[in-house]
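There are two complexes below, and they share chain A, which is joined by chain B in the first and by chain C in the second.
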Partner chain A sequence: MSFTMKMNVEGDTATIRLAGELDGSSAPDLNDLVTQAVGRQVGRLVLLLDELTYMSSAGVRCLVFAHQKLPRGSQITLVGTKPEVAETIRLTGFDRSIVMR
Partner chain B sequence: MPTALVVTEPADPTSPAVLELDGALRAEGFEVELVVPDDLVLSHPHPDLLLISAALGLQRMALVSQRFLVDGRMPTIVAFPDDDLGALEECVRAGFDYVTRPFLPGLLRSRANSCWERWQLSTAVEEMAALASLREYERELRIARDIQAGFLPESLPRLDGWEIAASFRPARQVAGDFYDVFTIVNGRRLALVVADVCDKGVGAALFMALIRTLLRHTAEHTGYVQDVGDDAAASLDRALDGPMGESALPLLSLGAGPLIQAVVGTNRYMARNHLKQAYFATMFFGVLDPCSGDLVYINGGHNPPIVVRADGRQTLLPPTGPAVGILADSSYTLGHVQLGPGDALFAYTDGVVEARNAAHGLFGTPRLQEVLGASGAHAEGLLAAVDGAVRTFVGAAEQSDDITTLALTRNPSRTQRRHSPRNTARNSARNPLPNQAPDPR
Partner chain C sequence: MREKRLAGRTVAILMESDFVEQELHYYQRRFTEEGARVEFLTRLWGQDSLTFHGHEYKEPFTVTGDLESADLSAIDVLIVPSGMVSDRLRYSEDVHELAPAVRLLKEAFGDPRIIKGVICHGLWLAAPIAEVVKGRRVTCHNNLVGDVHNMGALYTDQDVVVDRDLVTGRTAEHCAAFARMIIDLVAAGRPAETVYRPDFTFSDLVAGYVTGFERGEISLRTNDGRPVRVRLTSTTSAEFARNLSEPYLDASAHLEQLLTPGNYVFVKGIFYYENGSYTVEAKALTFLGRQPGQYAFEQPDWWVKQIHELGRFYRRAQFGDDGPIDYAAYRTMLRLGGEKADQHVQETDTISRMVYGMSSAYMLTGDEDFLEVAEQGAAYLRRHMRFVDRDEDVVYWYHGIDVRDGGERKLFTSEFGDDYDAIPMYEQIYALAGPTQLYRLTGDPRILSDIEGTLRLFAKFFHDPERGGYFSHIDPILLSPHHEALGPNRSRKNWNSVGDHAPAYLINLFLATGDERHAAMLEETFDLIVRHMPRKDSPYVQERFHADWTPDTTWHWQQDRAVVGHNLKIAWNLMRMMSIRPKDRYRALATEIGEKMPALGSDPQRGGWYDVVERRLAPGQHVHRFVWHDRKAWWQQEQAILAYQILAGLGGGEEFLRRARESAAFYSAFFLDHDEGGIYFNVLADGHPYLLGTERFKGSHSMSMCHAAELCFLATVYQRLLLDREPLTLWFRPRPDGFADRVLRVAPDALPPGRVRLAWVELDGSPYQLFDAEAMTVKLPDSASPVTVRAHLAPVED
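After this line comes the complex of A and B, so read on.
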């Protein structure tokens, strides 16, 4: 299924809009994008997920990866997360390390 | 100055042929470097002319050539005989260009030029190199698959009054899913694990091997709760603060110690050593007392296993802590459920509920519960029913995720009351725990 992503960096905040399905085949692209964002010294990551319809465990791994790569104390915020995607994240317990709005 | 790279057979990197070639190239104005194939793993030179010893054999020559493929182009590649003309002939038949001794500067220059011209027209070596590297890759994956199979139990322990069945269906050659069933505390408890390392493929498979080993080794080598570290004992206190009450402690502690130590210890190990790699595993780890049917468990961020009661009621066992390896400071509580005669426990990985059909719909938990509700109380039967339902649902669509299932059922009769687990030979040999203090009951 199709997956698209678009990043916008403003100041120390990287905003990435994801659409479609984040799974094992699309996760490496997002990891690359996160690495780029980290290279641009961002301290805050905002993921716009209102168009993301599915997230597999590989997708949750992207969040864990971002959490590890960003400087300590950086905030990861998920905006507009659909219930099914939020459930996947909650199941793993990683919702403790991020902010879901 | 043109550059030439000479790749030699490691066993004899300065053979007379190599030295003669080196001298002739230098005399003709080349800057020459001699390397063995291993040198190319880390360095990536871009020579004008690449000379490879035919003594490496066709497969290794093709792999070496492959390393020089940049943006779809390679340098001029020429084979030379070390001393074995038979090996050279094989390369030439396969499409390599070649030079032979004596290596005289003028002749070599002229050969190199005509090789270059021919090279512009030929793609045989590139195709061959691609094929060779594909074959190499497939061979490595087959080896990985065989090794991974060794990280699953060869056979399942057998218990009087219980049935156990498990199935493992990877989506690719190797998987991040696994299950494990083994006896602990000198055969008095049965440990059951179903786990799913995030993501798929080789990375997940490497972490599967690590996590399975840490869990099993720790559980097999932990005795009573008194023996475990302070952290684990503290988690146990917290865990038993809950609805079970303190009176449950002596009854459950026999299996609870190994359980907590295995999960907390594995999480701590992963957090200390592998947090940067961002791999984690969701898991259900249960420890059964086969006499009483009491099952203590930790669900680390895993899809809730389903208990199907003899009367048809179903209970889900939701997470009692986060996925293992995802956070440094995870704490886990213990869950407890009792399996009576005719009850069944079904644990699975997300490949079941996230299986997709051609219309891209999800199999889903409600459908799974429906299937379980309609299929008797035999472990093998439950697995077959779920497997059949998933296959029918998926139809012609490709299996996209690893699928692992495990079922534990208690026979309806009440005739076996005080029987210990009867191990397979392999498992009892692996279980060198000495007799410890008597069962607290």
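After this line comes the complex of A and C, so read on.
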């Protein structure tokens, strides 16, 4: 299944919708996108993941790296995370740093 | 092409008939090839030019420069050559006036910037102005010796003599040495008169062996054999070196007994300049042992006590003296007294290093509190710092976390300038240091699984399968060493990424597992060190490389510079490798480094080891320059102590043993913080602690109970088992699920086969028989809970 992504920035919040399978080869594209959000120094990054069926570790790395680069106190929220994806994130310890709904 | 040392300079040579042809031609060529403009001057008597003839071959030589209109400000060197030139030029038609050439010479003597070169019969020209050479050291043709005495000069029986800005030569035969001296002086940029000679009062440290003590004056021989005499005063204090937590021990009542030949002593003194030389008066003496020839740090419990105190210091600083061990409270940055700074970062490597130190402290002392700190630290690393990558089946470690306001922000890439936005090999290596040392004690399978996962990371992403070795950095997204985002760290290898595996974790992992895969990886890294790091361009190793192993001399702070301690670390670890997979070239390089480093990295006057120096000498330099300062860092002292102990212990001889002692003496006298606890980061060259900026901290990235504890642990092992041939008891705490083969390996370090055996084993306080004395292994019983193992190691009698 192909991977699609779309970002919408409103005020202090960047919302990114990911769909399909985020494998290693699509990670650089996601990285470019979150780098844009980092460039705008948003305070909240919301990822809508209800249509994301797979997230590679490379994908998690993009998010972790983005979190390091965002302003102190900024929040990353994952919405609609499927159990498989949540397990990948849990193994990286990143679940301790974000809100998963 | 060779550098032209006289570029932009002017050499003026006086001329007349009866010159020595070969000499003049020599000056012409020699000064010109050094880039100087060579000008011939004479008295032209109003003519445009005059042609003179040589003494031997009557060779004609035309001169156009008039000395009567010469501009001395444009001249750097004025030469009065051999032959009858000087005699002819001192002719004056008016017997009451100085000849123009004499006037020129007199003016030149008035300017110390100008080097005056006078050779053979040249000093005749100074006869009418004898005051310019009165009291000065000169040489001249044998025929003129009486003349120069009459002029009041001090004749010196040498071919070439330098007296500040006056260079004299014996005869035309010596024109080459004469010219060479002039070139050296000009190239050095200063006539001898302006050479800086200290003549002020200062205080400094002398380290040395007593050679005599008479009428209040100590004669010393420094580490490099120079004699120094030091006077005692009515206010000279004396103490014995002491361990952490020990009180001040006065030695002043025992001076007669202690100041006996051969005893090693540190003298802090004041240097007074008087009567043309320095008088040194001692203000404080530090002796290394209670009896002459004794060294406190060679007592069996010195390092064991010290690691206990270090463990208590970090326990107290991080978690309180006896409160619960809660790593949420852990902070990387500790101030001098151990209090936490207003900073909320927990770095993976500082926790890992503390786990290393606490594990080592348990091994030596059996204090279970240290083990608890280590185990909780390893668990914390697992929960908070570990990234398990299922796609690649590898494990990597965050740089750290920021725990401000109770949140937990992952710091994925390094926060250090050297490694910014990258995953440096160095940090991944040191993330394993603590867990691996703890694994030796407990055999915790979770730790081994993470180590294996990290080794797969190294093999898969850092390793260079084509040209060997490990890259120093990978990018955080694609884990590639070649990503352009890495900037100056792209496609690079360095000392740490190749050489730090062995000391940080890999030797310990091999000791714990006996797994030949790890021996093979060690062999690969040591082969690369031996092959690529020693270079002909410098006596120090090369530390940075491009992918193809060509030197990288442009990187950030390193440029073309050497870290003294890295050279010593190579020597130390090559000698450890001699007990795993020995090779002649390992020993040869270790020995070579051990022999040459005292002259290249140690302080011969004060003892101790320096930090970072330029790998190469600039023209005219004889000493490798310090890059930032001449301070001495604690970890580099450690490298020296361990390197020379193991070199001495493995058959290297008395000279290496002496170096080990001198190094340990400096560390023991100056690095222990008797006021606050712990070890100082840096001391000044004279041993005073340097307590400014980050060097004031006790918990920074490499401080945190790593090197100081490693020193205590391995100095104990080397001193007792290799040097003193005395036994040593170690503590272990295997878990019920620890060590898949249920074999506990208790060799404390890579030791030469057959040198040490396991003499007895105690399990939970009772004698235990299932062990292999030669292999130093214990077959563990099935158990429901962890067992405490005491292993008594003893040297094998020859």
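Quick note on the criterion: the second predicted complex is superposed on the first by the 100 of 101 C-alpha atoms of A that agree within 3 Å, B and C clash if a C-alpha of one lies under 4 Å from a C-alpha of the other, contacts with A are read in each partner's own complex, and residues count from 1 in each chain.
Just so it is clear, a residue touches a chain if its C-beta (ideal position, glycine included) is under 8 Å from a C-beta of that chain, and two chains touch if they have at least 3 such contacts.
This one's a predicted model, so the numbers in the text were calculated from it and none came from an experiment.
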Partner chain in contact with A:R72 - chain B first, chain C second, else both or neither: second
Partner chain(s) touched by A:G93 [first = chain B, second = chain C, both, neither]: both
Contacts of A:R101 with chain B and chain C, given as first, second, both or neither: neither
Touching both chain C and chain B, counted on chain A across the two superposed complexes: 24, 27, 56-58, 60-61, 64-65, 67-68, 91-94, 96-97
Chain C to chain A touching residues, read off their complex: 383-392, 398, 401-402, 404-405, 407-413, 476-478
Parts of chain A lying in touch with chain B, wherever the complex brings them together: 1, 23-24, 27, 56-58, 60-61, 64-65, 67-68, 91-94, 96-97
Footprint of chain A on chain B - complex, ascending: 196, 198-201, 275-276, 278-280, 282, 300-303, 319, 321-323, 326-327, 330, 350, 354, 360, 400-401
Chain A residues within the chain C interface of the complex: 24, 27-28, 31, 56-58, 60-62, 64-65, 67-68, 72-73, 88, 91-94, 96-97
